[in-house]
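Shared between the two complexes below is chain A, which pairs with chain B and chain C, respectively.
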Partner chain A sequence: MTQNSYTDSNIRWIYPLPAILFVALLMVFPVLYTTYISLTNWTLTSGTAPSFIGLSNYGQVLLEPRFLQALWRTFVFTFSAVAVEAVLGVAAALLLNRVFVGRSVVKLLLLLPLVATPVAVGIVFNLFYDPTIGLANYVLESLGLPGSSWISHADTVLFSLVLVDVWQWTPMITLIVLAGLASLSDEPAEAARIDGANEWQIIRLITLPMVMPVIVTAVILRLIDALKTFDIIFAMTGGGPGYASETLNLIGYKYSFEYFRMGQAAVILMVLFLIVLACSVAITRLGKRIER
Partner chain B sequence: MKAVGLRILFYLAVVLLALIVLLPFLWMLISSLKTQIDIVAWPPKFIFSPTLQNYYKVFGEQDFIRYFINSTIVAVFAVGVSLLLGLPAAYSIARFSQRRLAMVILLARLMPGISFLMPWYIIFSRLGLMDSYVALVLSHVLITLPIVVWIMSSYFETIPLELEESAMVDGASRHYIFLKIILPLSGPGIITATTLSFIFSWNNFLFSQVLSMEKTRTLPIAVFNFLSYADIDWGGVMAASVAIMAPALVLTMIFQRYVVSGLTMGAVKG
Partner chain C sequence: MKTTLKLGLAMAVTMGLSGAALAQTKEIRVLLANHPYGEVLKAAIPQFEQQSGIKVNVESLQESQLTTKLTTEFATNSSSVDVFMTRPLQDGKLFAKNKWYEPLGGYDFSDYPANTVSIVTYDGQPNIVPLVTEWQVLFYRKDLLEAAGLKVPTNFDELTAAAEKLNTGGLAGFASRGKGAAAVTQLSTFVYNFGGNYLDKGVAVFDSKEAVDGIRYYGKLVGSYGPRGVTSMSWENILPLFQAGRIAMWTDASVFYGQLTDPAKSSLGADKIGIANVPAGPKANSPFYVTSWGIAMASQSKKKDLAKTFLEWATSKELAAKAMEANITMARTSVWEDKAVTAKVDPGLVETRAFVAKNGNPSDRPFMSAVGEARDLIGEIIIESINTKGESPQIDQMAKDRAVKVNTLLRDTGEYGQ
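What follows is the complex of A and B.
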């Protein structure tokens, strides 16, 4: 058993090596390749080889109104969805953070949206939103409110998509915050209660500050994922009506796999990549700060 | 009296919450049991005579069983390869505190998939690997590997070092320790990692949409393709949606504890 001394002393790079090679081959190399393509003039369907044109794709794409609108829309979608999710998610966690009959059932229910296939979720919401047969307008009209055009109109489509994201991902924040709350010590809250603090004061001044690092991490994780939202938008609207629900991910897809304008597509992908990378660096920095 | 009122209010809030979470699932299930006439009825029908015709249609005419098998093949192989690559890597990360390495692999989880997908598309086309299980599995491993590494490196950290140290004193090699001592103790972690990565592969849409065609088409794509018909067969789509969601939902119910810990551990650890 001792003849493996070479393996033993080098285990720290032998064990991770296959995983590292895999990630290098399938992630690092493609990103470098995309960077190169973004500097070329290349339409896949034209049959001609890519020709190097420097930064002119960047000049062209970054000034295009369709791109700029998609960029802006990506931020609007992301921040409104995650803001609502954070508020509702934390509120639900505070609500459920006690002993009650049916707690385990509710926790199971909260898991279901997280594992539901996003494409199918989008399709179900399409049925909800259908202006002539959908449940959404039926509920509104039952309450005496006017029906909405939901995803079929440019003014309401983004809001309707945000609702889907909120339905699917708010439970993620709730579950993470619940886990965070469970790991807290009861003592500070008990001490405050003995000193005569009411429940609201305890939540606002003790519980929330203590669980804040967990909330922040959950929110950043959500931000990163919301920036990349693709499945529900693609399935529900395909970026429409017109371009009204196109996000960066959506136009990245269309430029790549519908128009095959690879050079320009690569620019869009680079922008999305860099935005997400910046958020990811932020999360690691934050993680280190919280650890200290 | 006030306490009772609060209690009632609390349960009302919980029930409302549960209803909102459940509604899309219930409506999907209800609609899948309706005829097209019942589905397009206004106002929406809540009482109707249920039928299984949509399910017959989906599994009979639409070749759904093949897509089901394709999804299973891709997910099983993606999870298998991820465990093979990810378990040793996670062990090394845990034992030698290789935080930078952990970050690089985690980046694969955080980065937008589409930024790798375009180059893959070009490369796989050149290699003649479009519409192949190999290409599809490789792309899905990029989703599942970070999940395995993330969950398992945290799990390995909880296994006491003393176990390994005493085995090393007895002359056991690292390799032996990993295979015979660490892995047998890692059941719960491996269940968590396997369940979650299977579900995320199963649900993946984007990679399969681009890399698969007729032969390797997976379920999410098949469900989506239902929509492209001019006159949407809502009953069929809903039956297909139930079929695609059922495995993930059932897995989640069985392994509830593991799924919760897997989804929440990262954030709580910081």
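What follows is the complex of A and C.
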């Protein structure tokens, strides 16, 4: 009896308990542990036990030119990829929102890049980009254009990787925006048409503003994902040539699994974590503002 | 009476259970590399299981993933691995320093060359049984050299001249790895042949004039006559280009000869492909000749007796002879002295191996714990050298600067001057 009343009075704690434990174990603990590692001098190559060294890893890594370049590159990669994806994705959604023959087939085709395994995508694009026997240069050269070095040169590698990301993820934005468009009522556009607005004006002044909350959500989701990109870059260039395509995730991997500087790798991953966290906070804030 | 019965039953159950538990423990976990010798082992393991009654759970991984997996498991003290394949020059110092290898005091190493055993010996005890060796060779297109009226180059001057002559529109005259860290091993022979070295007694010396000359020459060759985009190419990119007939000469490890001449994998035809020693340099003629793979027991293993049984079987002379038939170049001396075995091995491999066994250098990279990072640092100089065809005025300064960094790594890991 007493037990029952205990359960009753604490039911609001007991029900979510499994979920809280799950989050604590799988999310909070790793973050805290990574924070702890980032404050130690744990390196496997020294063969000595790790000891607490305070913030000195942060001082070392945050000033390292290679880290700063990777940080900058992460932003360049993310923002250029997501910007192109947003423009193309919304444009494709607006086109697909019209009724035409074969619309469902096109939608299905759009899904394909999304479901492809990133490593497989990387391998295929590697063949495609090969400067000597790849399809990309074959096409360029048979059109009388000069071939490119694609991922083989420091100047073109980031651009080539952005292209792959655009190919794979533009459809995601299209599909989300398309869902948003489907939920819009036709009436405002109809009214505008009767008042003499042309198609471009309707899109610019009515459809886009109405669907904007959905576009913003799609873009921010994509932004968070693109910041964390690892698989495609790892499979295609491993961060090379040299360090020319190293993003924070890649340099974090190298520091931990190739250099075995676990403490410093943890610093890099903490920085990436904070950036992604900031984006996530932004999305929730923005969501609330749009709701209001 | 009842109690006795119960007691007896309980005992029987307990014994039964422990019997079952004993039967279950005759099981080991083995991590192999995706390497031809790993395949030989996998194919033979069912036979071993039958003979020994030990169940072997095998996992195969690509080489760098193998290192990553082992490192993570060992570093967190959570490993159930009993036996694993390992790269002595890449993993050796790191693993030995962290005491992840079980010392192999009782193993008979008399069938292995002394300098091979010395590379796997730490604190006076061998830690790894050498499995496979490889050495640097020159692969070349017999038909193209003949058509151009060229002999197989035997020194660097002839090599440059041949590369220049063969280099035409769609054909690269010469290729070798250009991808920074991956190129370090293939550059090593060039550095040695110019009289340089990466490390000398635990001190970085690749900023010496000899070593820098080697780096510049490598950059000139690969940069001038290499395929487009070579600074992002390792063997996995060069091999298909060579097979597609787009490369005339290629220096890399002997291990690829089998794939080049395999009619199922190459359209060129084995008769067009030659193998020769790497041409001599101005100061030396000493290609790398290394133990690329070995096999070891985990110090964390709880079944060392079973693991030892497996290790002795996996490194047996019989399996080595079998692997040789598949052109896998094994480390055991006796298989190379056995005419019945070498008769089945490609003569090109037998000849080039005879040369390197006498003249080879037993390392192809800076042999240190922080080898991954040191390779990246040297890789930066290689890329600069290739991009400028060996002409960049910065190369000397870069070499000095990177040598300082490698020395710092050596100091941090307590290996400086050792």
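Criterion: the second predicted complex is superposed on the first by the 272 of 292 C-alpha atoms of A that agree within 3 Å, B and C clash if a C-alpha of one lies under 4 Å from a C-alpha of the other, contacts with A are read in each partner's own complex, and residues count from 1 in each chain.
Everything that follows uses one rule, which is that a residue touches a chain if its C-beta (ideal position, glycine included) is under 8 Å from a C-beta of that chain, and two chains touch if they have at least 3 such contacts.
Keep in mind it's a predicted model, so treat the numbers as computed, not measured.
Visitor: Per the contact definition in the header, classify A:44: touching chain B only (first), chain C only (second), both, or neither.
Guide: So A:44 meets both chain B and chain C here.
Visitor: By the touch definition at the top of the document, which applies to A:237: first (chain B), second (chain C), both, or neither?
Guide: second
Visitor: Contact-wise, after the overlay, does A:132 reach chain B, chain C, both or neither (first, second, both, neither)?
Guide: Both partners, chain B and chain C.
Visitor: May I ask you to decide whether A:7 touches chain B, chain C, both, or neither, giving the answer as first, second, both or neither?
Guide: first
Visitor: Who does A:209 touch here: chain B (first), chain C (second), both, or neither?
Guide: Neither: A:209 stays clear of chain B and chain C.
Visitor: Which partner chains sit in contact with A:54 here, chain B, chain C, both or neither? Use first/second/both/neither.
Guide: Touch status of A:54: no partner.
Visitor: May I ask you to name which of chain B and chain C touches more residues of chain A?
Guide: Counted on chain A, the partner with more touching residues turns out to be B.
Visitor: Taking the superposition on A as described, I'd like to know which of chain B and chain C A:265 touches: first, second, both or neither.
Guide: The answer is first: A:265 touches chain B but not chain C.
Visitor: Should A:257 be classified as contacting the first partner (chain B), the second (chain C), both, or neither?
Guide: It touches chain B and chain C both.
Visitor: Chain A residues touched by both chain B and chain C?
Guide: 44, 132-133, 257
Visitor: Of all residues in chain C, which touch chain A in the complex?
Guide: 64, 67-68, 71-72, 75, 94, 97-98, 172, 179-180, 227-233, 237, 240-241, 244, 246, 369-370, 372-373, 376, 379-380, 383, 409, 412-414
Visitor: What part of chain A is in contact with chain C in the complex they form?
Guide: That would be residues 43-47, 130-133, 147, 149-153, 157, 237, 240-242, 254, 257-260 of chain A.
Visitor: Write out the stretch or stretches of chain A touching chain B in their complex.
Guide: Within the complex, chain A touches chain B at residues 1-5, 7-8, 11-16, 18-20, 22-23, 26-27, 29-31, 33-34, 37, 44, 92, 95-96, 100, 102, 105-121, 123-128, 132-135, 138, 167, 171-172, 175-176, 178-180, 183, 213-214, 217-218, 221, 224, 227-228, 230-231, 234-235, 249, 252-253, 256-257, 262, 265-266, 269-270, 272-273, 276-277, 279-280, 283-284, 287, 290-291.
Visitor: Under the stated contact criterion, what part of chain B meets chain A in this complex?
Guide: Touch residues, chain B against chain A: 10-11, 13-14, 17-18, 20-22, 24-25, 27-28, 31, 39-44, 84-86, 88-89, 91-93, 95-96, 98, 101, 103-105, 107-108, 110-123, 138-139, 141-142, 145, 149, 171-176, 178, 199, 202-203, 205-206, 210, 219-220, 223-224, 226-227, 234, 237-238, 240-241, 244-245, 248-249, 251-253, 256, 259-260, 263-268, 270.
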